[in-house]
Structures are given as structure tokens and as C-alpha cells.
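Here come two complexes built around chain A, the first alongside chain B, the second alongside chain C.
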Partner chain A sequence: MEEDEFFGEKTFQHHCSEFIKHSQQIGDGWEWKSSKDCSDGYMCKTHFQIKSGTVVSNPGIYNGVQTCLPVEEVLEVPLDDFEVTQTAMASEVIKYEYHVLYSSSYQVPVLYFRASFLDGRPLALKDIWEGVHECYQTRLLQGPWDTITQQEHPILGQPFFVLHPCKTNEFMTPILKNAQKINRNINYITSWLSIVGPVVGLNLPLSYGKATSQDEVHC
Partner chain B sequence: MTDDKDVLRDVWFGRIPTCFTLYQDEITEREAEPYYLLLPRVSYLTLVTDKVKKHFQKVMRQEDISEIWFEYEGTPLKWHYPIGLLFDLLASSSALPWNITVHFKSFPEKDLLHCPSKDAIEAHFMSCMKEADALKHKSQVINEMQKKDHKQLWMGLQNDRFDQFWAINRKLMEYPAEENGFRYIPFRIYQTTTERPFIQKLFRPVAADGQLHTLGDLLKEVCPSAIAPEDGERRNQVMIHGIEPMLETPLQWLSEHLSYPDNFLHISIIPKQTD
Partner chain C sequence: MAEEPETMLQLPSTPAAGGEGLTDVSPETATPEPPSSAAVSPGTEEPSGDTKKKIDILLKAVGDTPIMKTKKWAVERTRTIQGLIDFIKKFLKLVASEQLFIYVNQSFAPSPDQEVGTLYECFGSDGKLVLHYCKSQAWG
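Let's turn to the complex of A and B:
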């Protein structure tokens, strides 16, 4: 419909496309998915993590503390040390999915996320928190958002957790105003995701911020 | 001559006769009788089925009971959708009573949201109301209300108190004198034939020339298949609260009178019955 708004859907899609370009350059895994009727879509990223802390035969590798290791690090372990525990590990691989959608009602992006084991069993919100660094847990409690709730994904129709969007403008407006003042180009999606992402275990490499300053993009 | 206000009462007090039957694979200590109930169209399943839960739990052992969920003809029922919407969309072409199957095991995690408490229903309901007001008034009216007003809206719904609810809700149905309606109309259009759960877009109640947009205008713009083909026999019914409003009805009027308590128009597109 109309684009008389500050951050309309077309603007959202444009910023996502710029964001994805950079993601492709650094292999960060974000991609665009169109809805079946192609009228809209969303940006998404999936990553896998191994949750340790289950029964392991070689205490040299893990020190028994609950940590989340990226898959690549685990594969660096010498194979014979790893063989015995390999089957036990498969059940503890967790798939994290992050989707960025546009809310026409609030005219802002919204972050949807969910986590599940490979066999499809979903993780509850408290299990997801265990993977989030402590300092971000505090930020979550203090942040300018009401809550994280389980909601229906507006395009897929499946349950996801959502960071409620109604206060997004509150924290984004000062950032955008300031960028305008110092005449710096920023990508709305990059700025927004760098604030809300870490709270739910999603980190953005710094190169995203540098990439945008070189673009022709204006918000 | 019916007053427009009577429509508000008819919508609020709509009921669906329902028969709840326990799923055959649930483990019971004795035979479970079906349970009959009149469900309010404007409410939510998990808000009005405490008696159903108690009835079936009486014949089950505690260890065989986990979160309750409902299903109709194999389709898990989304408790966060209003009851009237679920019925219109899934069961309106079948004979009454509405036959719903009750489950206490194998919660379908991929399909249904969890409903851990009444607070979850309240949070969902208020979230919908806030979104509706974001569309109608840029959230100005709902944000100006006090917490006790928000509580009154919820309590009105929970306790089936029409006057208590509308004492506050009428403020959400007002608009500035210089306008002819809300900023945008809160609506969702549902079809069982699409993967997408619903269509929701920005749509103004008044055209640039000041003419009021109709239901037909909305459908033509956001869901043309609903009213196809324009010349000839229509394939679908456009239903809200169990009725088919005329396509010429102004959308602003529909929004003020036929919205659900969450202030959204929940519209079902269902295939026309050929019999």
C-alpha cells in the first residue's frame, strides 16, 4: 500500500537486501525468503550449536561446564578422542532459527526466533536463555521491550518466540536522528539487529557497520 | 427498525453449541461421557473450557494429564484465535453441534502456542487490542488509558460483561471530528487453502475523494480470489460472525460494529456449499 511512512515495507525490504549483500560477502548465512504468493517475505538465518555437559568419556575436552560451542570448534578435536562421544552429541545439537519480518501495524522490523533439537523437539524459552551470555540476560530485563512471548509466525503459521515491537521506535529514533545529524549513512536493519540480536543469542560481526558507511543507502 | 447498537449485543452474545469428546487413545479409569457447552463466539477456547477440563480429568489419572488441547477433524485448534473465527472457518458447513475432540497428551508443538495460564490469554488479547489501536489511532487512545481501563476490558471479556467491556471499548471506536473514520482498519482475512495463516495489510476506510471504502473494495484490493469471478457464480462465501455481510457495506461501519472484542475484523473466506 502507501509509503507515506518513515519506515515502510519497501524501505524495509531495501535495507534487508543491502544487509544480505554484506552477509553473503562474509558468509554470515542470512537469506531472503519470499512468501508463497510472493507478495512479501522475510530475512532468515539458521545456525547450529552443540550443547555440551552431557555424559562424556574424555574429560580433557570438556570441563563439565555448560557451554555452547560452534560446530566448527568441535570438529577440530582429534577424531579418536571424539569417537566415543559422537552419538551422545548428536542429540544435543541445537538448531537456532532467526527470522526478521516487517510489521505493517507498527511500521518496524520484528525479530522472531525458535530453537529445536535435530529430532524436532522444541526448546523452551528458559533453555534458550542458558545459551545467552549473562550480561545480555540483564539487558533483556532492562531493555525497552515489554516481553518475549510465544506467537504465531505471520507467514509460516508456526509458533515462534517474538521480541515485542511496540517500543522499537523508542530506541531506534535517537539512533537515526543522530546519524542524520552527523551525516552518516546507516542501515536501519543493521542498527536494530545489533541491539536486539545479542539478547537472543544472535551476534553481528562488526563489518556490517563498516559496510554501510560506504553505501549510498539513506534511511 | 434495529438500532446499530443492537448489532453490538448480537455480536457479543453469539453462541455455538459444542460437543466435547475425549480422544479415544487417552487413558481413562472409566468411560468418559461427552460434554456439551454453548461457546461464546467472541471468546477464546482456553478461557471458557475450565468445566470441560474438570469433567474429563475426573476420569483420568493425574500422571496421564498434561496440557489440554483441542482438535476438529484432525486439525489442532488455535486457542489464540476467537472461537467464532475457528467455527466459521473450519466447521460452519457442517451440522451442529460442533464436535471437538479433547486431548491431554502429545501436544502438537509445531502447530499450537502453549497456553500456560489465564495470564497468557490476557497478554495475547491485550497485545491484539494494542495492535488494533496502533492501526486506528497510532496507539494514542489505548496508551492514554490507565491500567485499570485495560484491566476492565479484559475482565469484561473474561466475565462476559457487555456493559463493563463497552464502557471502555467505545473510546477505541471514536475518531477525530475532522476525519471520516479510523486511520487504518484492523482486519485479518483467513482461508484454509493457503499456507499463510492470514492476510493483514494497511487499508484506509476512506478513499482520497472522501468516499467510504466497502468490504468489496477491501477484498478486491487484498484478496481478489475471495470474490472471483466478478461476473458469474461466486466460488466463496465471505463470513464474519456466522453471517455474510453485503459487499457494499462500508468498512468503517463493519469495523465499529462487527469487530471482535480485540477490535479486529476476523473474516473467513470459505468455499461455497454446493448442495
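Let's turn to the complex of A and C:
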């Protein structure tokens, strides 16, 4: 088993494929896209969120906090209970795209992402930073350009934001070593994405955490 | 939910009465709550979620992360992963720039907003939830 020392492109593709299998089971929307010559590819997911708080009619309620509601939640809220309905409906739908690519220079997966309004206007990095979970903000504020950079997507050639991969080995190694110690096969992509995803607003359903140890999924 | 880290650090092994946040679990003083009339989930010995307000968590260090002197904690179900991370960081006296990750199943990091009660339902066994934690300079 070479996964412990060397996370090569084939291993990357294998783990992505296992990850996507579970995604399909739970309807999580991840897909594999191959490059034109099919030599490599990436995993991607698109989701839409309503970003409220851009027009604040009741500052007291928001307290300056931006709330991102998935589309389904907004539609279910009864009108009379939701005082800021007008604000929510005046807000915009944001399209988030997440791409997982393999970096041959770092030999780890890398998370590319971008966000835009439905009319195609891209979200600025400032807005993306504001969407970052507060637990990561301290570190980000100390050196934002160390963490999120803007780069050209290696396959699509379009500008994306990238979560810098140079520390990936550092936080993945303890998990891998531990898994090796207890003879457990883990999915590198699942573990890695569960860590980096929340930094940029991507949260994996809990069932991914069980998928590697048993087939039955009940959460 | 009020955090009282100072109180936690001063606590010997006596659990605080009715405090919010985390209390130390001592085997001889832990009192199981009486089962309610609500339906008991099939296949488990635990009463259904509503009756037990706190769940038992066992914290295990991974890698070079310092080991907590107290590993067993009774935590309110609604405590989030983020809340737990903040607590452990204070307990271990980590600096703000150090990241702490918490894992279930030794491999999966739940998102920071996830409540421990939900994690217990999915990943708990033998009446407790085992969480591994690991510190890292994750970014940059």
C-alpha cells in the first residue's frame, strides 16, 4: 500500500471515485470531470445559497452578521414568524463552485472555489473572507494571502480562489499515521475535505464520516 | 450558552452542580437520569435523546498534541464542535494562530457548527462519544 508515503494522482483519483460513490448515495452532488484529453480530471460540486443581510431593514436583528440560508430553508419559514422576510427576499442567490484537483508539485489535493451571483458577477475575495467561519478568521486575518490565493484553474484556465496546500501534509499526517496504527483504511479525500471545506463554507454531511467503516448509513 | 473556563480549571474531580458548559465526570458521583415516558430507541440502552441533556465525551490526543489531564467530560448536547475546540484550546493554552481539529471515527472532521448531540447519535457507542483532537498550523 503506497498511500501512506506517496499520495499520487492515481491514488487521488481512486479516493475521489470512492468519495463520489457515497455522494451519489446521499445525493450530495459531487461529480467527476475529465480534462479534454482525459489524462487527468477533478471532482466538483455546485450549490446555491441565499445570502441575506446585504439589505438590512432591521439592523437590531442582524447585528452585523450575514446569514447564508440554503434555498430550501428560506422557503419553509412561515411568513409571520420571520420578521425579516422582506430582507431575505430582496437578497441574492449566490452560486458556489468547489473543485478538487490534484497538485503534482505538493502531491496533495487542492481545493479551488469561486462564487458568483446568478448574473455572472463574481464575488470579491472580501465577500468570500466574510463567509469564512469565525473559527478560522483569526488565522486568516493574520495573513490572508498565505491562506487563500487566486490562481488560474489548471484545467479550465479560469480564475479561481485556492486554499493553499502547503500545510496539507502537516495536518493530514497525524490522521494517516493514526489510521495506519489501527489498521484502518480511510479515504484521504473525505478526511481532507472535512477539514478544509468548512474554511470556505463547504460542510460535508456526517454520513461521509461513517462511509469508510461500514456500508450502512443512518445519519 | 455561557462558557466558564475559569471554573473548569479550578474544579477538582467533583462535578459542578447544574453548571452550563463542561463538567468533569467522576464515576462514583455520576447519576444516571431516570428514563422518561418517551419511547426508547430500539437497540440501545440509552434513554431517548430528550431525557439526557448531557452526553459523555472521551477526548483523545493525536500526534504531538498535548494530552488533556481530564479526558472524560459531560457535555451539553447543543454544544457545538466550535465551542468544544475553543474550550480545549483554552485548556491546553494554545495560541490563537494554532488550529485545533476534532475528529470522529478517527478520520472525519465534523463542521464547526455541528452539535455534539448529533455526533453522539451518529458516532457514539458504549454510552459515549470518542473524539480525537489534533493541533496544527494548518494554513499558509
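The rule we apply is simple: the second predicted complex is superposed on the first by the 172 of 219 C-alpha atoms of A that agree within 3 Å, B and C clash if a C-alpha of one lies under 4 Å from a C-alpha of the other, contacts with A are read in each partner's own complex, and residues count from 1 in each chain.
Simple rule for what comes next: a contact is a pair of C-beta atoms (placed from the backbone, for glycine too) under 8 Å apart; a residue touches a chain by one contact, two chains touch by 3 or more.
All of these numbers come straight from a predicted model, not from anything done at the bench.
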Touched partner set for A:I195, first chain B, second chain C, both or neither: second
Partner chain(s) touched by A:G120 [first = chain B, second = chain C, both, neither]: first
Which of chain B and chain C A:P159 touches, first, second, both or neither: first
Touched partner set for A:T149, first chain B, second chain C, both or neither: first
First, second, both or neither for A:K177, with chain B first and chain C second: second
First (chain B), second (chain C), both or neither touched by A:Y106: first
Larger contact residue set on chain A - chain B or chain C: C
Which superposed partner A:C38 touches (first chain B, second chain C, both, neither): neither
First, second, both or neither for A:L204, with chain B first and chain C second: second
Doubly contacted chain A residues - partners chain C and chain B: 147, 164, 166
Residues of chain B touching chain A in the complex: 78, 80, 109-114, 120, 123-124, 127, 130-131, 134-135, 139, 186, 194-198, 200-203
Sites on chain A touched by chain C in the complex: 133-136, 138-140, 142-143, 146-147, 163-164, 166-167, 170-171, 173-175, 177-179, 182, 184, 186-187, 190-191, 194-195, 197-199, 203-204, 206-210, 212-213, 218-219
Interface residues, chain C side, partner chain A - complex: 62-65, 82, 85-86, 96-97, 99, 101, 103-114, 118-119, 121-123, 132, 134, 136-140
Chain A residues within the chain B interface of the complex: 1-2, 35-37, 104-106, 120-122, 147, 149-152, 154-159, 164, 166
